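Okay, got some structures for you below.
In what follows, chain A forms one complex with chain B and a second complex with chain C.
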Partner chain A sequence: MKAADFLYHRAGSVAEAVTLLDEYAGEARLLAGGQSLMPMLNMRLWRLGALIDVNQVPGLDGIEAEGEGDLEETRIGALTRYVSLERSEVVASRLPLLAEMVRHIGDRQVRNRGTLGGSLVQGDPTAEMPLGCLVLGARVRVESGRGSREIAMGEFYDGSYAAALEFDEMVTEIRFPRHPSHFAFSELTRRHGDFCVLSVAVTGECDSDGCWHDLRIGLGGVSDMPVPAEAASARLSGTRLTDDDIREAAALTVEDIDPPSDMRATAEYRTHLVPVHVRRALQQLRARASATELLTRTRENR
Partner chain B sequence: MNEFVEAPAAPKETTRQEESLKHRLIGTSVPRTEDERLLRGDGRFTDDVQFAHQLEMAVGRCPFPHARILSIDVSRALELEGVKHVLTGEQVREQSAPLTVLRPVPGAPQLPYYALAQDKATYEGQPVVSVVAVSRALAEDAIELIEIEYEPLPHVSDAIAALEEGAPLLHPQSLASNLLASNGDRAGEPEARIEAADVVLRSRMRIGRVTPLPMETRGVVAVWRPGARELSIHTSTQVPHLVRKQLAESLRIGEECIRVSASDVGGGFGMKLGVYPEDVLASLHAMALRRPVKWIEDRMEHFRASTHGRESIHDYCLAADAEGRFVAMTNTYTTDIGGWNSPFGSSQLSSVIFTGPYRVADAAVERRVAMTNKTPVGAYRGYGQPEVNFALEVLVDRLARKLGKDPLALRELNMLRPEDLPWTVPSGAVYDSGDYLRTLRMAAEAVDYAAHRASPRVPRPDGRILGIGLSSFVERTGYASARFLANRGSKFGAHESVTLRANRSGTIDLYTGVSSIGQSSETAFAQICAEVLGVDFDAVRVHSGDTASSPLNTGAFASRTLIAAAGALREAALPFRDKTLRLGAWALGIAPEEAVIEGYEVRHRDDADKRVPLSDVFSRAILGQGIPHDETPGLETTAHFEPPSAAFSFGTAAAVVAVDPETGEFSVERFVMVHDCGVAVNPMIVEGQVRGALVQGLGAALGEELRYDAVTGQLLSGSMLDYAVPRAADVPPIELLHTEVPSPVTTFGVRGVGEVGTIPPGAAIANALCDALADYGVEFSALPITPESVWRALQAARESTQGAAA
Partner chain C sequence: MTLNENEITLTLNGESVRAWAPSRMHAADFLRQRLGRTGTHVGCEQGVCGMCTVMVDGQAVKSCLMLAAQLDGAEVRTVESLAEENGDLNALQQAFKRHHGLQCGFCTPGFLMLATSLAARGEPMSREQIRDEISGVLCRCTGYEGIVRAVEEYLQLQQNEGQVVEVEA
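Right after this comes the complex of A and B.
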């Protein structure tokens, strides 16, 4: 388990990194946290021409709140470590779903090194960050010698472990729109911090009359990439999330999944679990919303 | 809850308090000697051993479960700069003999297991070529350049399928089928009793394949000095003297030329018992190159190249009368030994304790050892006892449900009583002493069993249902005798040995061939030695695991070290003490009967002014100056001790689980273990041993699984990504309770303790889940038990209910 020889470059800027990517024409990879890349090299599952270390590139990390009201945005640099997301007050207040999900990643050592951008590019279908970014409607900014562009998370993957990037492109930041008012997250793992059997993230808005809209349901670990459960979301729009609404919507989620069979669970079991976990996540969403509403009303009455 | 519970007055029993009154050090939680160096990062594991001019070895392994090797072309590898030496099967056959076996399966032929595959390989991971280069990375590059032409052969991964007519044969030259051997034991007329019984339960129980997974993988550094004819081997092993013996056999050189040393060993668990192919390969390379050669097994290799454990299929039959009295038990089981024999073969103790702690006269056991195209299976902590405990204890609960009886009451009804012991069980083993029932009642009380039993199985507010499951066990620790081992063809003894040597500083060097594998032998040995001599604990320095300095011994396995070593320590310490007293008394001008050893000196029993330091007494002995004329110089004793019989530990575990009937997800909320290992030399060490083994038992019960693809025969869970070993955060709360019934067959009344925790978790958890889901009628017949297997059991129960309704 010792990596074969490779060339190592330490990039000093994004421009230098993308120039190197272009020169190696697909034979190089960027080294950020290295939590997936290094084991793959050591196990000789990958043989690379070069590693381009971007850990010293200035300005690639950082969490910033931008804009206000409906124009509110949060920008997170691609090199931002999980541990920074976990500890950030900006993330806690502006992206609470992400703050909750990041705690489910690996263990402390992994979270000290692993990065948000690295997770998105790795594209593990069971990973938390791609699912969180999908449900929150994030956009990924990528740079290359040819310029820059933004990719919506919903279009970021071509397949499992396959981010829709050209070989000369590099992820530099992830931008999140204003966070939904309500959210819930549920994940089943064999062990703490293990790759999930499945995960469910839900968000939504609830009117003062109790009607729900803009529901988003995302599923992890049950397809070759995190997937939105669109039929279920549509079924719930305008409802009060009654038990019947939730049950019927949850049943629709099986249409959006194509679960694998692996050491963690069979496809059959995952198919059984998805509607159950979606139902429970939605019930939690509803319960959290009514708790928030109760709190608001109490405050108003004072 | 983690305290030692003091036993009420009972015959054959002394409390720990009484023991510690009798003893100064035995029974006290002396902090571990080993901790200082391990916690400071001063441990010396195999990879810490570095030599000048050292080279590194990498091994090329067969990627197929079963394949003929048509050709090997090493030319491109040899051209790579920095590559020093390459070995193939042909050279290995010329230069060495096949690996020998330490504990053969009785009746099995010797298989020609060479260090590198000959014409064909029989498991994925079997070594095919080895390369030595200036670095490990370069050696791995060279492996990739070696062109090996394989012809994949039909393979068989399932032990039952392997024994069927027409299965692909692994070793047609040695065996006409894939049955390596079979053997059995019986007593009474079990078949007739089953025929006449009121209730008969039969079930096939499958125990999954797991890996012992020590933190330190295997490793070896071989140094050959041709002028001195000395092969020096540093290796991570539980048995340095046995490795020396086996290496001498494979390398065809005298044992006098080989020195094996193991200093710190980062866990063994039975997996590091004897010689592996890589030990022979590193030696051959070192001898050819005259340069030190190091090989450290990486974790990917470890999953395929180090012996696995457990996998077996038990066809267990339990027969009872209408009251629930057990009238007969039979167990015909198949163990999967994999592609070759291993030093210790597959588990043999399922046959010894298959009747558990219960009174039954009519019973039979038959063991079949099947060869499959998988990594060889070797010893693993428990060695057959967790496997058969699962089969029997799950059936006991199933019988209780069938008869509408309380599982606790059913166990009470059938358990052997203290007054029944010693008791010869149907396998021929003799249970020495113990109060099995008491551990059962203590476990039940700890989890408030009676109150739970009386309450309905309804979901809590979180939707989960609580269940409690019990598992009682008797565990063989140590070996019955060298004669017993000889009858089974074992190539090692039942004894342990120590050498005590006085030094001029007034302290005692204690030499043992037992390597330090985390079992705390250095601490426990020093406690016993200091106890008998009367010196301070710190006056005894233990030197472990070097064949050049230690007396010939057996090693650290089978929960046997202390059982035998306690006697050896005592037998060596008594004459050492007597001579110390004689020399000390002579120096003081008093009679030896008046002298005592205390701390670091010999002094007059009643006159504190008459004292002489041990450094003075020992110097006299070493120099031969200032000693009586009739005394010989020197102060050194060696003792070999074989206990008269094996000691049997025992106990009961209770698991409390909470299960979600909709998804099968469950958690073990409490795990109570009541355990008796006789007199505990060091209660803190005992607790650490029980706790550590419990975690391995819980891992194997709840998720660890080496699964092979049914079609390709490839290992699917051969990395830490897929193999679900529990980490600290995954371990449920464990509560330990102990009783202390001294064993009458060992020195100081000790019983073995290293393996016991692996035994009860599987059955206790299965029984707890059945209890929680009693209204659904689920059954479990396989380990591990995952949320998915609970869900499947629920599905099966629903289907059978619907089937019955239709």
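Right after this comes the complex of A and C.
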């Protein structure tokens, strides 16, 4: 199908874009990569008064490493495309979980156009980027004619496909704190590159004595938005991630979910799958940490 | 000029063109209906099938998910740019023919432009990588094996040619 009629504006700056958003008072949307918005318009799931194209706004993309040590931050412009995340050395070294997750998005053409900010604002509960940003503790910078503010990813959604933004607000950048030492990701899709049935991202720190702390477990596709599995994370703090610890923690994750039934899976099936995939992700986390530990020791012995 | 009708100037297959399009017209319809380049096919119009894949500023994109207005100032390559000037098929098209990379041919322009963009990256790719990279174009005839073989052969050919050029330089 073809999109219903709308007005097209090409914004030359953030100020121009947010002024237009304000003037249209909720009848306009920003057009970034268009990989979700354009299908929705073509299918006439949505009719808009206007599209404000921000692809030509200078300074909205880019990946910058800032600060050192505990003060380390990585800034990613909202218009940064997935393909840039895939190929960025800064993302590979400073945000490896995001680098791994971005490869699961759509297909080559989608990753050539789609943007990080666009994915966050779209707020698809099954999407990779909102989950990755949640688990990594990212903050979203938002501008409007009234000023700017930062929103923590944990507070960025009111519901499914509903970012907690006012109609005149525009996401301009995403800021990531220092990346955890260890991470793992597990996702189930019915077909290669499809929207996921569910996804699990985990991160954590492991002491030299093998005790884990600061575990974060995030679940995608099993609620209105990506959710942290807090009870499970708390259960694992101070443990050595033994098989028993992992099994007990994984069982707790069902408390945090409210899975939908849709064409990909029933709620019952998703409820069954969540502990299974959490367990696998945690086992992978443990295995990767011991591989890193072994590598470090081998190097020290040389 | 009203905002609902946009003047678009672009470089299409090396040639500068100018045309008008309504705001809601997507780039695939614009190429076919306003510029007469019907080599680009339109399938699902929701970014799933990949039939409308073209190259915009060197990268493969689904042209049903871009607005015609977004092509203003862009460099666009479509399947019409591939054949030699005398009409002979280029090496990629020949490889598709040789390996039976098509039957009905509806998906072929999409695959050809995606493969052309892969070759432009100049990186060697395993079969597994090729399969992953071409997953955004669907083919319901071939079962993909011939397509993967054709793309693999073409990428290798491009690599070898690249090496020859380097040695000569």
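By definition in this document, the second predicted complex is superposed on the first by the 302 of 302 C-alpha atoms of A that agree within 3 Å, B and C clash if a C-alpha of one lies under 4 Å from a C-alpha of the other, contacts with A are read in each partner's own complex, and residues count from 1 in each chain.
Here is the rule we use: a contact is a pair of C-beta atoms (placed from the backbone, for glycine too) under 8 Å apart; a residue touches a chain by one contact, two chains touch by 3 or more.
Please read these numbers as outputs of a predicted model, since none were measured by experiment.
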item: Residues of chain A touched, compared between chain B and chain C (which is higher); value: C
item: Touched partner set for A:43, first chain B, second chain C, both or neither; value: both
item: Chain B versus chain C as contact partner of A:110, first or second or both or neither; value: second
item: First (chain B), second (chain C), both or neither touched by A:192; value: both
item: Which of chain B and chain C A:2 touches, first, second, both or neither; value: both
item: Which of chain B and chain C A:167 touches, first, second, both or neither; value: neither
item: Common ground on chain A, meaning residues reached by chain C in one complex and by chain B in the other; value: 1-5, 43, 107, 192-193
item: List of chain A residues in touch with chain B within their complex; value: 1-5, 43-44, 107, 188, 190-195, 262-263, 265-266, 269, 272-273, 276-277
item: For the chain B and chain A complex, residues of the former touching the latter; value: 135-137, 140-141, 144, 298-301, 662-663, 665, 703, 705, 707, 716-717, 719, 721-724, 726-727, 729-730, 786-788, 791-792
item: Of chain A, residues touching chain C in the complex; value: 1-10, 31, 34-35, 38-39, 41-43, 50-51, 53, 55, 83, 106-110, 112-113, 192-193
item: Residues of chain C that touch chain A when the two form their complex; value: 3-4, 6, 22-26, 29, 45-48, 50, 53, 59-62, 64-67, 69-70, 72, 114, 132-136
